[in-house]
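Submitted below is the structure of interest, expressed as structure tokens.
The letters A, B, C and D name the chains in turn, as written, and every chain counts its residues from 1.
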């Protein structure tokens, strides 16, 4: 059509640049994303995929090696490791998402408010953030869990409490940078309310940075969470949790290695995929 | 299983008796490498009241009497001989001559008295053993007389107990008394008479015991004993296989033993111990206040099967209300009528204290499985001992079930019954209360005739058992893995996780 | 690929004068995505000569400069040669090019704010080029930086824009290179500073060093260049001695540029002549003359044959197939219909500022940006606010439209719709991730206009600034500079404000675009009867659009009056300075 | 220098805020548990009256605020009370466990910094992909497994490195001022001891370092990529500087902000790792002490540890800010 040309033109200056950078995602990263999608599916459909109960023993009895009557073997109580691992992936994965998600939401709100309000409110909010940032998360988690009793919510609470400040800082930084940009003044002159200013003209700009951090964080979280669960700070038994399963299995490492290794490898795959995908997303969004 | 292991014990103790003579000089066998899974609280014998660490206490300090290895019979130690008056109130000890403390002070009745006195002064956990003492007399240098307020039949067992009163050098005590009766000093040093003296106490890292040249008895074979703190069982196993460690004293995961048995350098010793697994039921609050339900649980978990699956050949179904061997066989017997139970969805909260062998957790999860199978809704959680001690004061918030493995302070029924089910007993977590039982135990405690006294305790046990406030699950054995080159391994059922070091010897 | 260990060919110490400083032959540069930045450029820069490289945005000036320096991005696909003192800077291996850069080249880039390393003292940065701190001090001195001894210890952010550019220049001339490429070295600076920098360039001229001076402003080129090279669509349109080219352009595009430029003589009250249409799309270049689409002389053959650069006189060459027919009378852009008559000025005020004071920072860092300033704008009139950089223009403007609260004083805007602002960088004033349509509907929604009317209103307004509806579906980044400017304007006048404030709306635009924008402003203000507050440091523009001029200096208005009078007889030094600084186009050299 | 003073004041107030909050949290949480540390202290055979007496002596029968106040007043005078488990002043406990952890963490931090920076530089322009992927994989192995694998491979199978503790048995610890065996050994010129200590540090430090090193490498890489697009880099190239100089002198320092922040965060996160690593490698450090204190409900010890850790966190953050100010003159502390 008539107007096609002029619109296409300007693209030259900017669009090729962006596309070019975007294309820099490697096969590994792509693989990571694919695996991650699979994992998410597993997480969602674990109940359907798991061949056996996660708590009751199966026919073959305890310490059955992989292949003998059950794909990945059975643990010290004769429970099917495959089924337990599937559920373990589910809980680890969903927990990681939950923590990052809550971190992003809380962080975005506080960060945006601080940046937009500025002055005293900004100071107060940021000092509080720093305070939370300075809390030694693991200790908090340990204390909280020992005190409130081991349960996933408690662990997530403890971790979440120390996780959001990070995002609050990022969002505040981004938003403040954006606030200096003319398009915000333009929006103000267009009569935008503070809320729509934040929602339409600021947050979308901060999103890439947040998304990148978030996607890179998930790997960390998978490890942190399974680490805590390994220390017995996760859900109580017999709930299948990868960290706890490994910890329990390590008791039999030399005689029946699979009991520990299967869940541990699940953690590895989860973390590795998340890390790769994180790098992928970063490469995609970083340059924008 | 117990028979075989009993044989094992006898054999190895015999070996110990023969091989203690020739000390091995220098060389790698000059040092024995042991490991603890956790730091010991303190090497102070009047404060120490844990299990891990006994080896250090018992090789640096000695009491007046001790248990004969592998038995419950009391034999002299720093007391050459002793006599108890008819009325059972006066104990007279004839002390061994030529014993010197590690600081060179000679041992005598004054020292004995001072040592007893300190325990009372420090007034920490093990002080209760000397509470009955009314008066201490030292008629001469080598006679020490103790008069009690009332008859306390376990008194001699207290003295033989690993937590019992030990002999400390009076001069050293004066020298380092400070404001806290030497507690600061003894937190890192020893002033005992034992075959070894504590030359390094590097908290959290390792302890070093060095042979005491002036030891009165047969000199132990090893010049030094190095005890590393290795909190992770797997790295202990690796260290053992790599030859950096000579033994794993306890908590060895039994399913792993297969990987040891075909190792030419290692051997497995398993000993009967007083370690007993108990399942407490909350009789003071919650659903389990009802006796029938408690019975149903007892039936549902099917103890024999449970024990077989978890302990295999390293434990046996608890045959009595008391740890194995404390009472004459057949006293206070137990039976476990297993039968299919069907309840619908009664909720139970179930707590267990974890150990390093994974045994306790496995036990707990299995019990949960069985109860769930019977239709209960069970929520399990691991708890710490300090938490369980909070239960008696707060039974409302306490769980309905509690799994524990315990051991008595000494080989006397009173040190078990009074604490586990006696009113106000330290291990009576859910405040089980039965005046008749208490009365019987008091009677037994005051009875100088052992047979009738034992009978009273047995009776008390049976009466209690009828109520099923506690299920006695298993006698657990103490499985040790030793380097074959180390001989003379003996064991006292009263002292789990502990090895009497004097009798050890290294070949090559 | 390239390794530093690769042996470098010996480079003759003093290149014989026969070897030109730069010799570009049939240079083609294409970027991934099919952007044909350069399409066969031939160019020779003799020793000690200053070549002005002019052309509109996107014509390939920067790319050509980078090619000469051997700094093209590796992904660029290159054919042809660009020989710097005999060394091919597009073909040779990196290490060779580096050597050549070190021995023969220097560069000054457009934005002094971003072109210096913010974490390194400037002394060190210059020394990196010159070899020693002493020589660095010396160079800074030559570059006209007062008290270089002290300056070398400072960081870039502690220097003003002008000083930073001088630092860049000092680095460029270090080791007296054969060629210095200066890419729009003054575009980011305001007039007064610009003229100083231009003077510096003149002073730096000597027999050995040649300059390529990239600019889109013919007047600026005229100030410094011996020869002018006009680029269009990645090809050379015309080459010749500066004076000749400016007096008698032989390429229609050059002529158009000259004509579109506003200066003393461009008549007020009527539109500027402008180039019709859009710049060419470098991804789909016409197979004929790139300018044909916009050329008033264009004919059939123009669109078919690619015009080659032909020598017309010993000193001049031009690339136009019709150069003979057009001959001398290239000029005459068709002038668009004139504006509607300006509405009568009423005495009613669109803006009244009284005793406005604004300061930034606290304590020692406190500095007064605007100091007890009074300013009136009558309905329908246009007031130009001029003054050197940092004198407080933008701040005043922002307070006028209510983006800043004055510390002291009152701002009253006349009855009617709230004032609007046109930003210096139109592109930046468009939220990048929102479609133009959304952006333009926003004020309407906030003004409570029913959903169905909005779409129509947006269409109408886009039409008003001469944009197709389809623009509404694009995002800012997908538009050309000119289109963004128009969108920004359209957005400002969606709800015609009583006062339209403009913050240097054309200072970043090249000539033809500036003309378009000025025309738009002129027409809209008349059609919609808006008063305008027009910030600029370009007195030419001020004169063209405004009825009154207010000259600011140090946060206060030092002189104001009817435009003509003020410009004819300035009574204030600040005003005189500004006037003197304007690159004087018509006056003879 | 007013800027620095304000900074210091700010940070010290922050410090106290954090410590107050932290200890308060710990107190409330710990007291929510129906635990009875005194019974643990006095043993199962102690009489109820003895328990009560001890409770009173330890302030455990007072109201929570009273206890907290008691603790705070003590803490201000440097007295964190007695550990219920070791029967020693918490101060001296921490004093004996902290150095090990600090030594471990420092070593790990150094490794992380070196590896992170070099990999970041290496991969900034797309090269060193294999290295990056390798590290990424390593950093995805859960520490509890990684440590064990190291132990099995380098200690058990290859016998290259020791697997337990800070020193081999028989080697006496240097009686040094710092408590960091490596440093002290060097100070005393006991090189054998130094090597021994270093060998013992290597595996645990490596296990601890991998995740941070990847995090640093990753942030450095991405900010380098942004920096390398900056105009002043083009200027540097126009100055004909060798690419290496451009990268190290011009790009690196301008890309330091994000990695520094990340480094600070990572040092913070290290603690959870420390617990696991110290457990696997039998490293007598604060991590183990913390876990042990918590599991024995050793309230004074836990509170004390939290104080120390909180303080360390704040200090680390402060250091990071200073480093950032140093790296970029425009940032002022």
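Keep this in mind: contacts are C-beta pairs under 8 Å (C-beta built on N, C-alpha and C of every residue); 3 or more make two chains touch, one makes a residue touch a chain.
Just so you know, these numbers come straight off a predicted model, no measurement behind them.
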When B-D is set beside C-D, which has more C-beta pairs in contact? B-D
Taking the mean of the CA coordinates per chain, how far is chain B from chain C in Å? 90
Just give me the whole-number Å value for how far the CA centre of chain B lies from that of chain D. 38
Using the average of all C-alpha atoms in each chain as its centre, how far is it in Å between chain C and chain D? 54
Distance from the mean Cα position of chain D to that of chain A, given in whole angstrom: 23
Contacts with two or more other chains occur in chain D at residues 33, 148, 295, 297
Mind pulling the residue numbers of chain A that touch at least two other chains? 146, 250, 253
If you look at chain B, which of its residues touch at least two other chains? 234, 384
Which chains touch which? A-B, A-C, A-D, B-D, C-D
For chain D, which residues count as touching chain C in their complex? 230-232, 234-243, 249-250, 253-254, 327-330
Considering the complex alone, what residue numbers of chain C touch chain A? 31-33, 35, 58, 75, 278-279, 281-283, 398, 401, 403, 418, 420-421, 423-425, 428-434, 438-439, 442-443, 446-447, 468-471, 474, 477-481, 483-484, 488, 491-492
Seen from chain D, its contact residues with chain B in the complex are 33-48, 50, 85-88, 93, 96-97, 100, 148, 151-152, 155-156, 159, 163-167, 169-170, 173, 279-282, 284-285, 288-289, 292, 295-297
Would you mind writing out the residues of chain B in touch with chain D in their complex? 31, 33, 38-39, 41-42, 44, 47, 49, 123-129, 183-184, 187, 202-206, 208, 226, 228-232, 234-235, 238-239, 241-242, 244, 384-387, 389-394, 397-398, 409, 415, 419, 424-427
So in the complex, which bits of chain D are touching chain A? 14, 17-18, 21-22, 25-26, 29-30, 32-33, 126, 129, 133, 136-137, 139-145, 148, 211, 214-215, 218, 222, 225-226, 265, 268-269, 271-273, 275-276, 290-291, 294-295, 297, 302, 305-306, 309-310, 313-314, 317
